[in-house]
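Note that the chains are named A, B, C and D in the order they appear, and that numbering of residues resets to 1 at the start of each chain.
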């Protein structure tokens, strides 16, 4: 069925207002888009790792979630969902439940790339029928912008501060979507917010309605941690995909497919320039750092093109 | 948000009446929370300019742009935190930002 | 608990001493005894000396400790005689039963500290003749039952046959050989003349 | 009809689990509890249970999955030991605070540092304040009986707390001993169906678990949770009453052994209690007035009941098979001794740390303890906290 924004926006919201995420936060946009991909008649159970999203959407006695929801800890959204999905299978088998449920787990990059990595890897390898969504804002924002393995190289964070001897984070970011694809799960994809949300919506729909484990890596900007004017969220996302810093692709049963190729690939500066966390890179003496970043982006982009069978 | 006996859970609730394990019954209870008072700037909907493309609606982090019958209505200021993402994406200048 | 019999098994990891202790517990249970069969655990791998235990009694057994003063000691591998103090704590009125093919004199010289009864059984030979393979634990089981008299030969063989039928349900051809190994060992186990 | 059998403590737990036929069983292997999920996965493979067996990648995930499953309305059970329980520690608190009646077989083993695979109670004693009901077992029979009862206790509407059933690693978990099993149907009828009031998979009525809880509400939640543990004591006794009708076997909060006219007693848990009972019998033959109390239920702690049972004694040895490193004795000692504070005439109470990392506790060890406490003339501070069977 072709994507139609109007139809999609007509669906009842499954996340309520009144949550306490920051103004302009990307995470609830990711959540809304995910949940919109559910058929309205399907029930869902949501798991969230401890994160900004969790503590802000579920502050006792107020929950923003209209579906059943459970949070247990930071590092175990994958395992917690494994249990919920296991319960569903058992209860269906025993004839105690008739309804169809879908299972969606959310984690930030801390709960996904780092502390929750083992639990997620286990859940994906066991191929539970669930979708794990990482809303990746590239640092531990909930505890105050500490670096994660999703933090881009040279980003200024509170544990990789820029100083006389430091230009920010030393290491490049981990390629989590590729790692998840390497689990040989039926569906893995990377996306972010673009235009009418078609790309993310379609990926969300595939992830939810593919039998077995699915993983979605969603770049969800954090105005506070990235230090940009909060209204510029969509501009930043566009720059991320047009510079090929954040490529959008999917891996369906092991087959890599590029989802978006910019008409004109922009220099990495276009992504970096509006963000305070990269401000130091624009000092004249740091020109070589940007050049180095550009090389890394190009290398990864070309590698991806090859995987996707695209012309380099 | 109420407990099963129908008592409102607020700062006066006694331990005997609080929900076990912090369970919250029913979904979407945060709709009672006014986050509109976080706002310093406010988006204003200029209906005449709006072409109902709806590009503003999926990018709202706060579900503050209600849709009815495929058309957007005025902002729900009870939730809107005034981030201005909608203002930035509107191709028709149908949203303007004003100071509160 | 005057009717309590305590047995200590010495073997090497992989030889089946633990299994033998469990089989003995099984057989004794089948004739209505209270039993314990347990190994002493450690991270030992194949070949390392291991110890296993049995308590067999007409009354409920409550004690949960290792056995330090056994009534009987079974040695499944005679190379252990020089490696382990196998007669440690062994009651004088009890006996040690050794799987060996080496001459009596040589065995006795290795057991100088012990002046109780010594029984010998060539379990390797019996096993190879009856089963075609070296599984010394089955003949040693027959030998210890014979020597200790914890149950009659008839009760024991009846119970073991049941147990083998269960254990080897998928390969009934080995039951006959195992039963033969038990019977032969019960006949061949011999006291060591001093 | 009772089925007379012989099996190890691990197999007895696995059979209890098969008879209970839980909805979900997530587990990760660790010595000495490994055999439990092994046996169980064979039952799954042979279609003897309808359980969803989830072979998770760690104990932390085992407990996380158990929480997810139980919250989703599934009766859930698991097994672990030692470092596995330690890895679950964070999630043990979550299970209890979410009021989820998960049952867990804890096969006691020493905690690492240095690594040791043999029995002591440092694992479950470390978890004593996580909000779980803790029931200890002397034998394979008790492990089996306790496990079946634990399901009913945990799921009772006045309780709704997770419960762990402990037994000593190797000593009972791997020892084949006589046991009487219940018929499958008897167990199934006894535990009944799990029908929680609320669950994540209740289609008409979504719920949310695990909120961020501010200081405005957190303490009320904890107080309510504490109330469940208080109420558990009565429930444990009533479940035991019912279990007696099915099995003929009697259980209480603790067992009193030859205590009526005893002057000296030992307070002990798990398998060593059996060994010490043999010592009691032998000493009684010599005319010594000795007795023993075996604590079955450590959480909730039977404070008043223990004080009542111990008040007439001259001296008591409280046996701890774990170190608390408080420098003032082990955990059972601290609690038993505190239970006696309100007595007008207080017996002398000393502590023995024993059996760490599989150090054997024999009939002679128990006799030594009784000998020593007979000599106590009032308590002297420097001699309250003792080690048994340590070289030095």
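Here, contacts are C-beta pairs under 8 Å (C-beta built on N, C-alpha and C of every residue); 3 or more make two chains touch, one makes a residue touch a chain.
Which chain is which protein? Per UniProt: A = Thiamine pyrophosphate protein domain protein TPP-binding protein; B = Pyruvate ferredoxin/flavodoxin oxidoreductase, delta subunit; C = Pyruvate ferredoxin oxidoreductase, gamma subunit; D = Pyruvate ferredoxin oxidoreductase, alpha subunit.
This one's a predicted model, so the numbers in the text were calculated from it and none came from an experiment.
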Chain centre separation (chain A, chain D; CA means) in Å: 43
Centroid spacing, where centroids are CA-atom means, of chain A and chain C in whole angstrom: 64
Where chain B and chain D are represented by their mean Cα positions, the distance between them in whole Å: 49
Separation of mean Cα positions, chain B and chain A [Å, integer]: 23
Interface hub residues of chain D, defined as touching at least two other chains: 98, 206-211, 213, 217
Contacts with two or more other chains, residues of chain B listed in rising order: 9, 22, 24, 27
Set of chain A residues in contact with two or more other chains: 58-61, 63, 65-69
Topology of the chain contact graph, where touching chains are joined (line, ring, star, complete, other): other
Chain-to-chain touches, reported pairwise for every pair that qualifies: A-B, A-D, B-D, C-D
Chain D residues touching chain B - in the complex, by the definition given at the top: 97-100, 160, 198, 205-211, 213, 216-217, 219-221, 223-225, 227-228
Residues of chain C that touch chain D when the two form their complex: 22, 25-26, 29, 34-39, 41-43, 60-66, 68
List of chain B residues in touch with chain D within their complex: 9, 11, 13-16, 18, 20-27
Parts of chain A lying in touch with chain D, wherever the complex brings them together: 43, 45, 47, 54-56, 58-61, 63, 65-73, 75-76, 78-84, 86-91, 93-94, 96-97, 99, 101, 118-119, 121-122, 125-126
Sites on chain D touched by chain A in the complex: 23-24, 26, 50-52, 54-58, 60-62, 64-74, 76, 90-91, 94, 98, 200-203, 206-214, 217
